[in-house]
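All remarks here apply to the structure that follows.
Order of writing sets the labels: A, B and C. Residues in every chain begin at 1.
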Amino acid sequence: MTPFNPPIHAKNPHLPFGDKQDSPFYGQDIISVNQFDRQQLAYIFDVAHEMYEMVARVGSFDLLKGKILANLFYEPSTRTSSSFTSAMERLGGSVIPINNVSYSSVTKGESLPDTVRTLEAYADVIVLRHPEVGSSALAAKYAKKPIINAGDGIGEHPTQALLDLFTIQEELGRVDGLTVTMMGDLKYGRTVHSLARLLSLYDIRLNYVAPDILSMPAEIQEEIGAKGIPQAAFTDLMEVFPDTDVLYVTRVQKERFEDPTRHENLKGIYVVTAETMSHAKDEMIVMHPLPRVWEIDMAVDEDPRAAYFRQMEYGQYIRMALLAMVLGKA
Amino acid sequence: MTPFNPPIHAKNPHLPFGDKQDSPFYGQDIISVNQFDRQQLAYIFDVAHEMYEMVARVGSFDLLKGKILANLFYEPSTRTSSSFTSAMERLGGSVIPINNVSYSSVTKGESLPDTVRTLEAYADVIVLRHPEVGSSALAAKYAKKPIINAGDGIGEHPTQALLDLFTIQEELGRVDGLTVTMMGDLKYGRTVHSLARLLSLYDIRLNYVAPDILSMPAEIQEEIGAKGIPQAAFTDLMEVFPDTDVLYVTRVQKERFEDPTRHENLKGIYVVTAETMSHAKDEMIVMHPLPRVWEIDMAVDEDPRAAYFRQMEYGQYIRMALLAMVLGKA
Amino acid sequence: MTPFNPPIHAKNPHLPFGDKQDSPFYGQDIISVNQFDRQQLAYIFDVAHEMYEMVARVGSFDLLKGKILANLFYEPSTRTSSSFTSAMERLGGSVIPINNVSYSSVTKGESLPDTVRTLEAYADVIVLRHPEVGSSALAAKYAKKPIINAGDGIGEHPTQALLDLFTIQEELGRVDGLTVTMMGDLKYGRTVHSLARLLSLYDIRLNYVAPDILSMPAEIQEEIGAKGIPQAAFTDLMEVFPDTDVLYVTRVQKERFEDPTRHENLKGIYVVTAETMSHAKDEMIVMHPLPRVWEIDMAVDEDPRAAYFRQMEYGQYIRMALLAMVLGKA
């Protein structure tokens, strides 16, 4: 006569594992840059800066010991998946790497909501990279555990935008008052779209340097303009480079051009060289989300204003901060 | 004149790392459901329930700290490999993920016994998924370290059967006296075969609901019948659903049918909907090994009797229990 | 008026994380066997032996807790990547597994120097396997963190050569005075080339047993001969086997032969069987870098002189030693 035993989850529906629920962002999803205001950004950057201080002092620490991250990548991205893996491991947590979903049950026809609800049986937080716009929002709708959007197609890649902004803040000490020049493929690059949106919360000036067919989309310009941000478009970097505080360069992909010779021609124009840098301010930085191909000459790498490899490291601190926050430990 | 130095393994042939050898299942392989009797199952479920209690209380703990699991998957299975990874990490252990064996030395022609004897130089326990029946038994014959079978083709997948049975035990508080109805592809599904074998150790009643060409194989029915278990076959779920305590649904794969329209026709019949559920007992559960495609309507997910996502989590506790047991820590 | 905030790395350019910088090999790259002298080899083997002692006693320990290894494999190698993963995990460190670079940003055209400079933002040490000769040296030129060469095409695989030599030292108690016979593909096998170079630092005798078209290259023989090492070539193992202390067998790959029947014919000649072993000394060992195909009969595996699976385990201790050393913890 064994008595009826209620299901595990009737007793304990959200598996809180003893976390403090009063931590800001506890249990929240990170889906879009639009979910943040300046106060929240300042908080995230404070935590990320603390993460930097701790890493510099002790390398790693056990803030998330025992926590498990499912790193669910439907698209390959060594950079982003390595960065989240490292962030989780530096906080003492563990990772379930799922980098190769073509080999998974997804190929058996499973839906994203089912995959996510399965993985949250094993993990405490899910980082999701998926080729379809809106996939992270869909996953978050079904998951009880926090979802962090690591790129949903041409949609958003909010942790990239946050690390870009954090890089500016840490390297130049402020965001207000800066002139930011974006150069390269401004049409298809979700990176520059998200960063422009975040920057529009600050008192900045935006320059766009791009060939006609890759210029910043009108709807983004309108959205930014509605916040009162001065914007101007150019085809020659030299018109604005001497006044630029942040040059943000993006990759111009050959596949964007019907005529490959057009792509070849751009190589001579939208490239940053040591000579280019001789026209820049002393206190400014050059950023790039990487991978780069030819847009920045390797000779620039030694210039202290070349911030793109440091940018990768700031990304680790941002991701450490976000993981700690959504898991209630920040 | 350096004296002769005996090989490391002459001194220390089994590398016990100080484990207690009196733990039940210490050093044993988990190959088949047929290796367990009711007493052993009760022990495994006690340990698994303790794992659940510990996870609910502290999330993770260091029972297997310093131990290493080689997760050797010759076939993709996100679900199973993630579950073992999570189980090992929640116990403080580490994982060597080998999910992609087509990229490994196996493609250079290495035999499974050699691969396993290589990996046991690095790991303390090996989880093996392999497309050939008998592969885990073969690996276990050569390995000194424990092998856990995570699926050998159309052979066995014992940890799935154990987690299925554990789900029933935890959700309904008992196994004896229950009516279990299996529906879908009962011919090719190793999951239902293994579960039926385990259930035959208990005092239960089995119903099979399947189209003719996917019915439970005669040899399994004879094996189960020899244990005195009442079995009956149906083509319409409604004949038995009102008396069912556990409905176990499996995926009906399109590839099983020469005529694709036959598969389409089944979709209307072998599907569980909210309407279907209105005919069920209040205290019953619906299970599915996942991934599902169309066999259970998403509207059923919100029904508290839908146990299939909780089933995934029970799997984690079963795998934690098995890992701890074979490593001498339970 | 936020004051100017200098970039993170202006303050802390090498991110030492508090490591002792007086440890031998601290921060160094492991690129080639040619970088070691006998004194350094003795030191490495002392540390590796300590690693063995610790593993035998406690399994794992936290010497590298908080440290992160990026395991960057541009070519598949389950054996080598698993061995480094295990070595890092047994020392309490974490791993970023990057086994599948065809899925990475490398396919977007990124250069190796950029990939390495990105990964060192996340990791403390990088293990690199790459199909091109010189790739590890190139990576080391750009990286601030230590690079460990895990095979650069037909170039070097120094940790394999170190583990081979360590196996001889541990199993036979010495290297000086031994007769080492290498058999199989001596032309294309970088393993035997690197091992021969390391052995030439000791007082040994080298025998080469190979078909004409796979004989030891003249330039290697000259390099070894210049160190005063006696060398002799044979086509029949039996001419030298009774006096051999170490038989090092390598795989003869079918692809090396234009005429496949020639490969078939070799199978009867360059194979080690139980009968072969009856002609060997009592105190000798048979080694093989694995994977083997037909070169050593499985019946030999039970012979205590068959050291090839133990060789895998010695590899773990060597890699533990190297990781600890370059990270300043040995």
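Throughout what follows, a residue touches a chain if its C-beta (ideal position, glycine included) is under 8 Å from a C-beta of that chain, and two chains touch if they have at least 3 such contacts.
All values derive from a computational prediction rather than experimental measurement.
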Between chain B and its twin chain C, rotation from the CA superposition, multiple of 5 degrees: 120
Copy pair chain A, chain C: interface residue numbering same or different (half cut): different
Chain centre separation (chain A, chain C; CA means) in Å: 38
Residue numbers of chain A (touch at least two other chains): 97, 100
Contact footprint of chain B on chain C as seen in their complex: 52, 55-61, 76-79, 82-83, 85-86, 89-90, 92, 97, 99-100, 170-174, 176, 251, 283, 285, 290-293, 298, 304, 307, 309-310, 312-316
Interface residues, chain B side, partner chain C - complex: 2-5, 7-10, 12, 15, 17-18, 65-68, 70, 94, 96-98, 100-101, 103-110, 113-115, 117-119, 121-124
